[in-house]
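Shared between the two complexes below is subunit A, which pairs with subunit B and subunit C, respectively.
On to the complex of A and B.
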C-alpha cells in the first residue's frame, strides 16, 4: 500500500473508531472521571503536606501545575491495546485482519487516536474546572516554546507506550496469557513514569536511575518541560534521548510483531 | 489420493470454458508444534519446568488444482486438515512443505495486490464494526481495497439489492439478526469483486430461510461474476446447493476429489424409491427383483403407520423394471426416486466404513490427482 492509501485507511478507521466510541458516551465520562480523580487527590494531599511544613524539593506551584497537567498528558500518552491484542491473537480473530490488505496495527493505532479524541473532548472541561479550583498556585504562563516542546514530547511518549503495548500484545503469539506480565508492567510503569508520584519526590539515591530509565519519558519528562526549571539545552537533550528511546521501542515492538506473525498458528479460524 | 476425474477438463458453471488453474497446490504439508501438559497441579508444575513439545502433521502432501469459476467444497471431519488448508491458501499460515499458488501469488507473502483479489469469509468471525452501521465498515473496505467512488457505489448498490439489505445499511451491526449480519459479511467480502472467495462455514447458525438465501446469492455471484469459490461447511445442503466438485480430506490427506454426484454413485450406487399406495401393500421376498438382489426393501419411516408406503433401494439398471412393477402392487398415490442421502454418504466416508472405502479405492481413477 502507498503511504497515501495507508493514511486513508487509518483516517477511515479513526472515523469508525470515533463513531463506535460515541455509542457509549457515558462510559467515557466515567473513564475520564477515573483519570482525573487520582491527580486531584494527589494534588490535595501533597499541597496539604507542604502547608503542614513538609520539606520537599519542590513548592506548591510545581505540585499543583504538575497534577493539573498530569491527567491530560497521561491520557494523551497512554495505550491500552496489549490485552486486547493478545486476546485477538489467541482466539484467532486476527485471521480476519491477516486476510485483508491492511495491518491490524493500523486498527490499533486508529483506535488509540479515536478514543483519545473522544476522551479529550470530555477531559478538557474537567481539567478546566480542576484548574479553576487550584488557580491560586497554578503556573501556566511559561514561554510558548515550552508548550511546543511539551506537545512534541507527549507525541513521542504516546509512541513509546503504543509500541510497548505492541510488544506486550505480541507476546500473545507465544504465551497463553499475558495478564500477569501486564499487571507487573502496569505497576512498574505507574511507579516510575511519574503517574502516581512526581519523580522529583523520590529519594535522592534513586534519582540517577529514575533520570535515565525510559519510562521517565512517557509522563514525567513532558511535564518537567513546563513545570520545572529545565534549561532550553536540557529540554533539547531530553527530547533527543526521548527520540532514541522512541526509536528503540518502535524497532523492538515491530520486530516482535513480525516474528510473531511468522510463528502464528491461526488458531480457531 | 483418489480422484474421480481422469482428465484435466473441468466442468464450469454456466457452461464457461475450462482454463488454466487459478489455484495450484502441490505436495502441500503443514506440521503444527504444540506443548503437551498432564492434568492437575503436578502436570502444571512439570509443564512449567520442562515442556514436552510434540508435532502433528495436519496436512499431508495435498495436491490439487482449481480452475477459474469453479465452486469447490472442501470437506472433512473435525481435525481433518481442511481449515489448515484454507489458512494456507489465504496466507494466514506458512506451509511446512510444498507449494501453493493462488492467482500466481504465494499467499503467505500476503502482498497487497494478492489480498485485494481474494477474500475470506469466516462464519464465526466478523469483519464488521459492532457498534456502528455496516456502511462504516464498507467505507473502510473501500479504502483498504482502493476502490473508486463509482465502483464502490455500483458494487454496493448491486450487492445490497441482491441481498435485499438496502434498508439495513445504516443500522448498527449489533442490532441486526444473525442472518442479516451474515449478509453484510458477504456484502463486505464481495464489494471489491474478488476473483477468489474462501468461505469457512458461511451458513453456520443461520435459519433455513437465511441459509437458502445465502446459498442462492453465492450461486448467483459465481454465475454472474465467475468468482471462484472454495467453501468448507459441515452442512451438506451448502455443498449440494453450491459445489460442482468436492474434495474430501481426512487425516490431512486427500480422500476424494471429484464430482459430488459421482461420489454418490460410487459409494451408494443404488437409487432410493419411496412409493405410496392408496391401501396397504407388501412386496414378496421371492419377487424376481428382490430375489435377484436388485431391489432391497427398507424399513418404512415412522410417518407411515398404515403400511401404505414401500421404501426400496434399487440398482440403477433395475429401476425401470421396478417402476413398471410398482403399479401392479396396488393403486399408486405418490412416487419419489432419489439418490442416497449425501450426508449419510459423507458420514460413511468420514468414519471410514468398509463399503465407502472400497467404493472409492476400487475406482479406476485411484492415484490420479486432479491436476
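On to the complex of A and C.
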C-alpha cells in the first residue's frame, strides 16, 4: 500500500470509529469524569499543602496550571490497545486482519484517534469548568510558541505511548497473559510520567533519573513547556530528546510486532 | 414470594427466620468463594501483591507533601497515615464484598440474566448484592489496619478505649454508607442499560478518602459527607483514634449509624423502584 492509501484507510476507519464511539455517549462522559477526578483531587490536596505553608520548589500557579492541563495531555497521549491486541492475538481474531491488505495496526491507530476525538469534545468543557474554579492561580497566558511546542510534544508523547502499547500487546504472540506486566507498567508509569505528581516535587536525589528517563516525555515534559520557565533552548533540546525516544519506541514496537507476526500460528487454522 | 421483600413465607414463618436464612445463604457464598480462591492460589497471591504495591504507590503523595511541611490544617503525617489506613481497609472491604457484585448488575440487566435471579425464593437485592465475594481482597483490609498501626506508632500516642469504639462504629457505618451509595449508582443501570463506566467513576471517587476532608474546600467537604461519605469512613474514624471525638463531635458516631440505616433503606427502596421498571432483556 502507498502512504496515501494507508492514510485513506485510516481516515475511513477513524470515521467508523467515531460513529461507533457516539453510540455510547454516556459511557464516554463517565470515562472523562474518571480522567479529570484524579487531577482535581491532586490539585486541591497540593493547594491545601501550599496554603498551610508547605515550602514547595514550585508555587500555587505551577501546581494549579499543571493539574488543570494534566487531564488533557494525559488523555491525548494515552493508548489503551495492549490488552485488546494481546486478546486478539490469543484468540485468533488476528487471522481476519492478516487476510486484509491493511495492517491490524491501522485499526488500532484509527480507534485511538477516533476515541480521542470524541473524548476531546467531552473533556474540554469539563476542563474549562475546572479551570474556572481554579482561575485565581491559573497561568495560561504564556507565549504562543509554547502552546505550539506543547502540541508537538503531546503528539510525540502519543506516539511513544502508542508504540509502547504495540510492544506490550505484541508480547501476546509469546505469552498467554500480559495482564500482570500491563498492571506493573501502569503502576510504574503513573509514578514516573508525572500523571500522579509533578516530577519536580520528587526529592532532589531522584531528579537526575527522573529527568532522563523516557516516561518524562509522555506527560511531564509537554506540561513543563507551558507551566515551567524552561528557556527556548531547553524546550528545543527537550523536543530533540523526545524525538529520539519516539524513534526508539517506534522502531522497538514495530520490530516486536513484525517478529511476532512471523512466529504467529493462527488459532483455528 | 415477592423477590424484593424479606417477609414471612412458607419458607420463613417469621421475619427473623428469613434473616437467618439469608445469613446462611451468604455464609454459603463466602464458603464457595474461599474454595474458588484456594483453587486459584496464584491469583490470590497476585491480588495480595497488587494490593501492597498499590498501597505503597498511593502513599507517595502523602510522603512527599509532608517532606515539605509538618502539618496541613492541623493534620500531621502520622494522622494522615491513619486516614489512609482506614481508606485502604474500606476499599479492601468494598473490593471483597461489594464491587464484584455491583460491577455485575449492568451485565444482569443487559443480558437478561436478572430473570433467573428474580425467580429464586430469596430477596433479589440481597442476592444480587452479596452473591460474589473475593476473599483475597481482604489482604488490603489487613494492610490498611497495618498502616493505621504505623500511623499511631509514628504519632507516639495510644488511642483511648472510647476512641477505639467510636472509630470502629464510624468505620462500620462508613462502609455501609459507601456500599449503599455504590449500590444506588449500579442500580441506575435499569435506566441507562449500562452503568459499568459509572461504577468505574465511583471507583475513582475512592481517592479523596485517603486525605482528611479538611484538605478540601467547603463544597467538596459537603460532597464527602453527603454523597460519597468518606468523612464517615476514613476522616472521622481517624480523628476518633488520634484525637478522640469530644464535645459535640461525640454525636458523629450515632449520627453515622442513623445515616447508615437511612442509606440502606434508601438504596433498597431505590432497587425496588428500579426492579418495577425491569422488563427483561431475554424475553
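Just so we're on the same page, the second predicted complex is superposed on the first by the 268 of 269 C-alpha atoms of A that agree within 3 Å, B and C clash if a C-alpha of one lies under 4 Å from a C-alpha of the other, contacts with A are read in each partner's own complex, and residues count from 1 in each chain.
Convention: a residue touches a chain if its C-beta (ideal position, glycine included) is under 8 Å from a C-beta of that chain, and two chains touch if they have at least 3 such contacts.
All values reported here derive from a predicted model rather than from experimental measurement.
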{"item": "Partner chain in contact with A:190 - subunit B first, subunit C second, else both or neither", "value": "second"}
{"item": "Touched partner set for A:48, first subunit B, second subunit C, both or neither", "value": "second"}
{"item": "First, second, both or neither for A:31, with subunit B first and subunit C second", "value": "second"}
{"item": "Contacts of A:140 with subunit B and subunit C, given as first, second, both or neither", "value": "neither"}
{"item": "Touched partner set for A:203, first subunit B, second subunit C, both or neither", "value": "second"}
{"item": "Subunit B versus subunit C as contact partner of A:98, first or second or both or neither", "value": "first"}
{"item": "Which of subunit B and subunit C A:1 touches, first, second, both or neither", "value": "first"}
{"item": "Intersection of subunit A interface sets (partners subunit B, subunit C)", "value": "24"}
{"item": "Touch list for subunit B against partner subunit A, complex", "value": "32, 83, 86-87, 90-94, 110, 112, 115-116, 118-120, 122, 125-127, 129-132, 136-137, 139-140, 142-146, 172, 198, 200"}
{"item": "Residue ranges of subunit C touching subunit A (in the complex, touch as defined)", "value": "46, 50, 53-54, 57, 60-61, 64-65, 67-69, 71-73, 192, 194, 196-198, 200-201, 203-205, 207-208, 211, 214-217, 220"}
{"item": "Residue ranges of subunit A touching subunit C (in the complex, touch as defined)", "value": "24, 26-28, 30-31, 33-34, 37-38, 41-42, 44-46, 48-49, 52-56, 180, 183, 187, 190-191, 196-197, 201-203"}
{"item": "Complex interface listing, subunit A residues touching subunit B", "value": "1, 5, 8-9, 11-13, 15-16, 19-20, 23-24, 92-93, 95-96, 98-102, 262, 264-266, 269"}
